[in-house]
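Each of the next two complexes has subunit A plus one more chain, namely subunit B in the first and subunit C in the second.
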Partner chain A sequence: MTTSVKTKKSMRAGSRNKLIFYSLFISIPVLHFLIFYVYINFGSILLAFQSYAFDGLTGYTASFAGFDNFVAAWTNIWQYSYRITNALIHLGVTVVICMPLALLFSFYLYKNYLMSGFFKVILFMPQLLSGVILGLLYRYIVTDVYLFFAKAAGSEEAMGLLSQPDKQLATVIVFNVLMSFGVNILTYTSTMSGINGSLIESAQLDGANSMQEFIFIVLPMIYPTIVTLFIVGVSHVFTNQVNLYTLYGGNAGSNSTMGYFLYVQAKDSELTAPREGVLSYPVLSAMGLILTAIILPISMGLRHVLNKYGPSAD
Partner chain B sequence: MKILKKAIALTLCALTVGSTVGTLAACGNVGNPYGDTTPIQFANFQGGVGNAWLKEAGERFSKLKAEESYQNGKKGVTVSVTDIKAIPYDTITSSGYDIFTAENTADIYKMAGQGFLLDLSDIVENVNVKADAKKRLQAADGNYYALPHYEWYPGISYNVDYFEEQNLYFADPTETIDVREVQTDFGTARFVSSDQAIKSVGPNGERGDYDDGLPSSVQEFLQLCDSITGRKPLTIAGACLDYHFFFIDALWAALAGSEQMKTIYSLDSKGQAVVEAVTNTDVTTKLFDNVNANIIKPETEMIAIDETNGYKIYDQVARYYALATVQIIVEKDWFNTVSIGDTVSNLTAQSSFMTAVGNADNRTAMLWDGSYWYNESVAAENISFHQTMNPTNPDLNLSYMPMPTQLYGQVAEGEGKKNTLLDIGSAQLFVNQRVSEDPGLERACREFVEFLYSDAELAAFTEKTGQFRPIEYSYDKSKMSGFYQNMDAIRNKSDVVYFASDSELFKNNFTSFTLTWSGAINRPIIDGAEVAAGSIKAMRLHGTTKASAVNIFNLTRKTQSGWEQLIK
Partner chain C sequence: MQKQNKISKGVITKIVMIVLFSALVLYTLIIIGTLCWGLLTSLKNYREFENMGNVMGLPNLNADEPVNSTAEFFQLANYQIIWSNFNYKRTEPFYSGTMKIVHYCDADFVTMLVNTLLYTVGGAVIYAFMPALTAYLCAKYPYKLSKALFVIYLMMMSMPIVGNYPTELTFLRDTQLYDNILGNYIQKMTGSGMYFFVYYAYFQGVSNTYREAAEIDGASQTTIMFGIYFPLAIKMISTVFLIQFVNLWNDYQTPLMYLPTHPTLAFGVYYVSYQALNPTFYHTPIRIAGCMMLAIPIIIIFVIFKDRLMGDVSLGGIKE
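Let's turn to the complex of A and B:
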């Protein structure tokens, strides 16, 4: 009897400890979700339907704005549609250049080809430094260093690559391609390392060369990871500022993407538009909702299509 | 095994709790670096005056109040100074700072209206703040919530030694012997040829003062630049092309005069047609003979300004003339090499101006920067470096340059215009309303602010930093650097236009009227994209056909529709 009570007690104590342990661990992500998802989005939706007026004696007063903020946001998006175009160009670069390059490099590292250890260090090394520092170094290279060599070569060029209208987009793209390697390669190589070795051996016994191995074994096996990274890229198309703030500060001008624009605007904005050219928080909130309404179905649809019609590991 | 599991679980729990507690602890003060004293957290704007003046003042105050108790169990005060660039205007009350200083962007009216600031009326009333500057400190309830911190003026500075050595001063018309005539694209310039020659009276038309021999018209300024050989006329930091407005605003103000300039804030010319506004830019008359055809001389009319037509405040022709001068400078390539690299800082540009080393493309005669720059260079040890490197000639003779006051020709004696300085710096000091929750801390903050604005501390501030406050007070000029002694002489004979007004429209839309970096006036939108770095960058990026002075001028005028929105 005594033993049974003790056992029950210790079971209850064990359950309680487990519950405390679980609650402690789960509390952080739940808190994160409540603050950065529920609160932020709730606030954003609320703001999008409000307008503010300032009075020197009473401070700000809010009133219902209907869809005025959405109209203002849409007008701005439409008027400066180059930001969307730029965002799509950078997405295209990610899909067409960054992802294939990262996959190829990852495969090279995965296969432990010549100097793969060295390349691993070289490719990951920049990730150890802050993006801001890398951006600063890159700025020096494409301005001062570039001008030095241009002059030495007898060129009369007076502007760095980030300032020349016909070269600045390419200069930004190159930086983003360089910056994209580290994390992508880390993700791909770790996924590739999980592929069953017997599959590769079997393919090799059947006479598959490296490229066939890559296309017919490795790619289908890591396809879910590729889809995930692709969908993440697509869903971030209107929030990704493609390191423009690091390279240009607030002066990206015609290189701006939607993500960069939203970042710079939010930095300068207030409840009422502080000056010409800066949108108020309510209009920016409405803009965020419009962009979400555009990108959410596209991301979901793409994920569905890619998962349904993509290659299978079977 | 069970024990091991338990140990791992406990370790993970401890880590989770530890990291959470650590994070929370990091938000507050860990330990107590202030001992048993009352700490005043001072957020000092990281700008042209540095923090040495404040630290010294803080130490003097702490010493003075060493035996005074402000909070239970505490004796004395410690002033803790933190330099910050981005003032958290929206979250001041929860920021943890008690006192703030900020340049031009501080919207006192709005912050006070939101209940963020402590009422400082009792202190303001005991300080002789200049009437115009005082308007900036007042909220809708009629009380004062800030004190003026310092002024600075945009413009250019010149190397006096070089000007004297090269005889780059204009000669007086009565001087016929010691004259050097130089043919330029802007007409024949008549410079003095010796230090014995009689110099022209300068822009203010008064003989024997600080501006004798300096360019009195835009034409003379261009002649001067075109005559400088062996070095480039100007330097601006390549990474700071957004300083473009320093020259534009300085020239605009000098050409327009204070009466016109005040209307851009007051929105009221009292019914007098004092503003010369551009009415038509679609003309073919060129501003000067040998310039690009798109540098035109627009048609103008004299108008009165009030709140109904306030959108015309940026239509002043003087602003266009300043932009046109910038276009000529860009097209003539009168900048030295440091203006090109996107990474060249303001401190490097200052250094290149002072040291004047390297080839002719690197050396320069004039610096494009705000009047605070010399103090900044002292803090960065540019000045001491120069002195170390030049033991035989350690003292630099540099001066701020008063801008021309007319478009063509030379100002005759007694016919000049008083120099106008724009207080773009317009720095303020204000106190967090939150300190009122702790009567002891509030008293300490109030007493420290009173202390900072006592006669002795006002003098100490200016003697230390070379910066002036829009307050009536005296200081010992001999303790200031030569550059700021020159600045003092100029300021004493100038009208200063303050970023302040009685207009409710202005107060309610304060940021719409700023002439600084964030002002729409400095950020033309070309091809649908804002050129935040301003006119020089726009001209370089888009060429001076698309980004001509006249186009930039038209793109940065206020619009009637925008104004109607503002009035609503």
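Let's turn to the complex of A and C:
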């Protein structure tokens, strides 16, 4: 009897300790979530309905702005719609060029074709050295090296490729294509290596060539991963800076994307607009909400459609 | 007929292989070519590069010629210039509520290196540890909160939120977490993200028997977590640490936004390329030397930990 009571007591103490331990440690990520996700995003909504006045003595004072900030944000989006167009062009390049290339390269590595180990290292290089190193080197190449060759070819061009209006966009796109591999390739090859070998063997026995193997077996088998990476690309369309800050600093001009614009503005701005051409924080918050309202249903809807109507592994 | 099929199958496979091989060779040439050009340019005298027009050639090592690159090549003169002249000054005034605060910085190379180590090592430890901790708690303690957190993190990954910089910056300034390393660490203490799901899958796969046996032996929950489960996952945690270390080492935009008076080396290299007022840095070979200095530590880390960095990171989990 005494033993049973003791056991019950120690079990109760054990689960209490467990709960205390759990509460103590889980409180850190929960608090972080509440502050840096819930509060910050809720704060964005509140900020979008406020306007601020600045006084050197008392700092900032807030007042209700109604929908003024939304009107200002929408006007700005509409007036400089090339930022949206550019963002969509870069998304198109990602989907039409970068993803298929990454898949084909991953297939090459997965099949262990000639020098695949070496190529894996090279494809990982942009991830390792990142935009800041390769971006700055690229910037000098499309300026100094380009002008060197232009001069050698007898041309009198005086501006690098990043400064020529008709070549700027293509130059930025080429750099982003070069930088787009890395983790994507590792993710695809890892997923491909999980495909059951007997499936590939039986297809080969049935006379399938490499392309058939790729199209009819590998792609359907890794389809969920492709969808995930595609949706990530779509959902980041308005936050993707496409390395413009590395290539242009704060002066990307007509090459700007929404992601780049929001970053530069937030960096330079305050609760009140510090100078002409810079939007205040409340207007930027309203802009963020408008863009979220556009992209959220699109990415959720796309995910649903792609998962429902995409190829099945069966 | 069957023989013909076999031949055509072989031909198509070969064509596919050749096309992909050629594309990969081209890509390799671009990447290696860029790095080699950068390295060679960083070893050239700026007058040789700019005035003599030696943009593509090897550095001129003939010491008898008036313009040559012997000092740059043999004594790494451009690198020494960066080392001794690297300097960043900034005044950052901001309001924390109604209080005006002004931060100053006058950072040389060593200060930037210290900032970089604090930013990258501390940040990578937090980014590797926090998702592991949260995943462990969610996987091994089936309370309602664990399930809710899992669903919330899943939703966070698929819900794009655009443009919350302003609120974040205002909050950080008001709480005085802006522009200090501790504030940046707190900002990073999230349990969410892709690695949460990687760790979660791992901890779910590890048997509960270890824990039950330890509990019978009287081990505390802390001992079970830090003494049994985390050592089992140490390879995975260290892989995530390395990946995050590389990412943070190269990240200059976050310090520029949230730590403006704590410049890191990546930010310094960017600054030298765009905004430096010191005329010493106006020359391309010297700027490129800065880029190469930033790349060297990462290349060393890659050589040592290549297999771990390029290990099988998949959306389903890290294979050890």
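Keep this in mind: the second predicted complex is superposed on the first by the 279 of 314 C-alpha atoms of A that agree within 3 Å, B and C clash if a C-alpha of one lies under 4 Å from a C-alpha of the other, contacts with A are read in each partner's own complex, and residues count from 1 in each chain.
Throughout what follows, a contact is a pair of C-beta atoms (placed from the backbone, for glycine too) under 8 Å apart; a residue touches a chain by one contact, two chains touch by 3 or more.
All values reported here derive from a predicted model rather than from experimental measurement.
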Sharing subunit A, do subunit B and subunit C clash or fit in the superposition? clash
Check whether A:L129 is in contact with subunit B, with subunit C, with both or with neither, and answer first, second, both or neither. second
Name the contact category of A:A13: first (subunit B only), second (subunit C only), both, or neither. neither
Just subunit B (first), just subunit C (second), both, or neither: which does A:V71 touch? neither
Quick one: classify A:T58 as touching subunit B (first), subunit C (second), both or neither. both
After the superposition on A, what does A:F25 contact: first (subunit B), second (subunit C), both or neither? both
Have a look at where A:G253 lands relative to subunit B and subunit C in the superposition and call it first, second, both or neither. first
Winner by number of subunit A residues touched, once subunit B and subunit C are compared: C
Contact-wise, after the overlay, does A:G160 reach subunit B, subunit C, both or neither (first, second, both, neither)? first
Which of subunit B and subunit C A:D144 touches, first, second, both or neither: both
Is A:R275 contacted by the first partner subunit B, the second partner subunit C, both or neither? first
With chain A superposed, which of the segments 150-158, 222-230, 240-248 or 294-302 in subunit C collides sterically with subunit B? 222-230
Subunit B and subunit C footprints on subunit A, overlapping residues: 17, 21, 25, 28, 58-60, 136, 139-140, 144
Taking the complex as given, what residues does subunit A use to touch subunit B? 17, 20-21, 24-25, 28, 54-60, 79-80, 82, 136, 139-140, 143-144, 147, 158-160, 162-163, 165, 250-251, 253-256, 268, 270, 274-277
Listed in rising order, the residues of subunit A that touch subunit C in the complex are 14, 17-18, 21-22, 25-26, 28-30, 32-33, 35-37, 39-41, 43-44, 47, 58-60, 101, 104-105, 107-108, 113-115, 118-134, 136-141, 144-145, 148, 151, 178, 183, 186-187, 190-191, 193-194, 207-211, 214, 225, 228, 231, 235-236, 238-239, 241, 245-246, 249, 258, 262-263, 266-267, 269, 271, 281-282, 284-285, 287-289, 291-292, 295-296, 299-300, 303
Contacts from subunit B onto subunit A in the complex sit at residues 9, 12-13, 16-17, 20, 90, 109-110, 112-115, 139-141, 238, 242, 340-344, 504, 507-508, 511-512, 514, 518-520, 523, 525, 527-533, 537, 540-542, 558, 562
What part of subunit C is in contact with subunit A in the complex they form? 5-6, 8-9, 12-13, 16-17, 20-21, 23-24, 27-28, 30-32, 34-35, 37-38, 41, 49, 53, 55-56, 95, 97-100, 130, 133-134, 137, 141, 143, 145-146, 149, 152, 156, 158-171, 186-187, 189-192, 215, 220-222, 246-247, 250-253, 256-257, 266, 269-270, 273-275, 284, 287-288, 291, 294-295, 298-299, 302, 306, 309-310, 312-316, 319
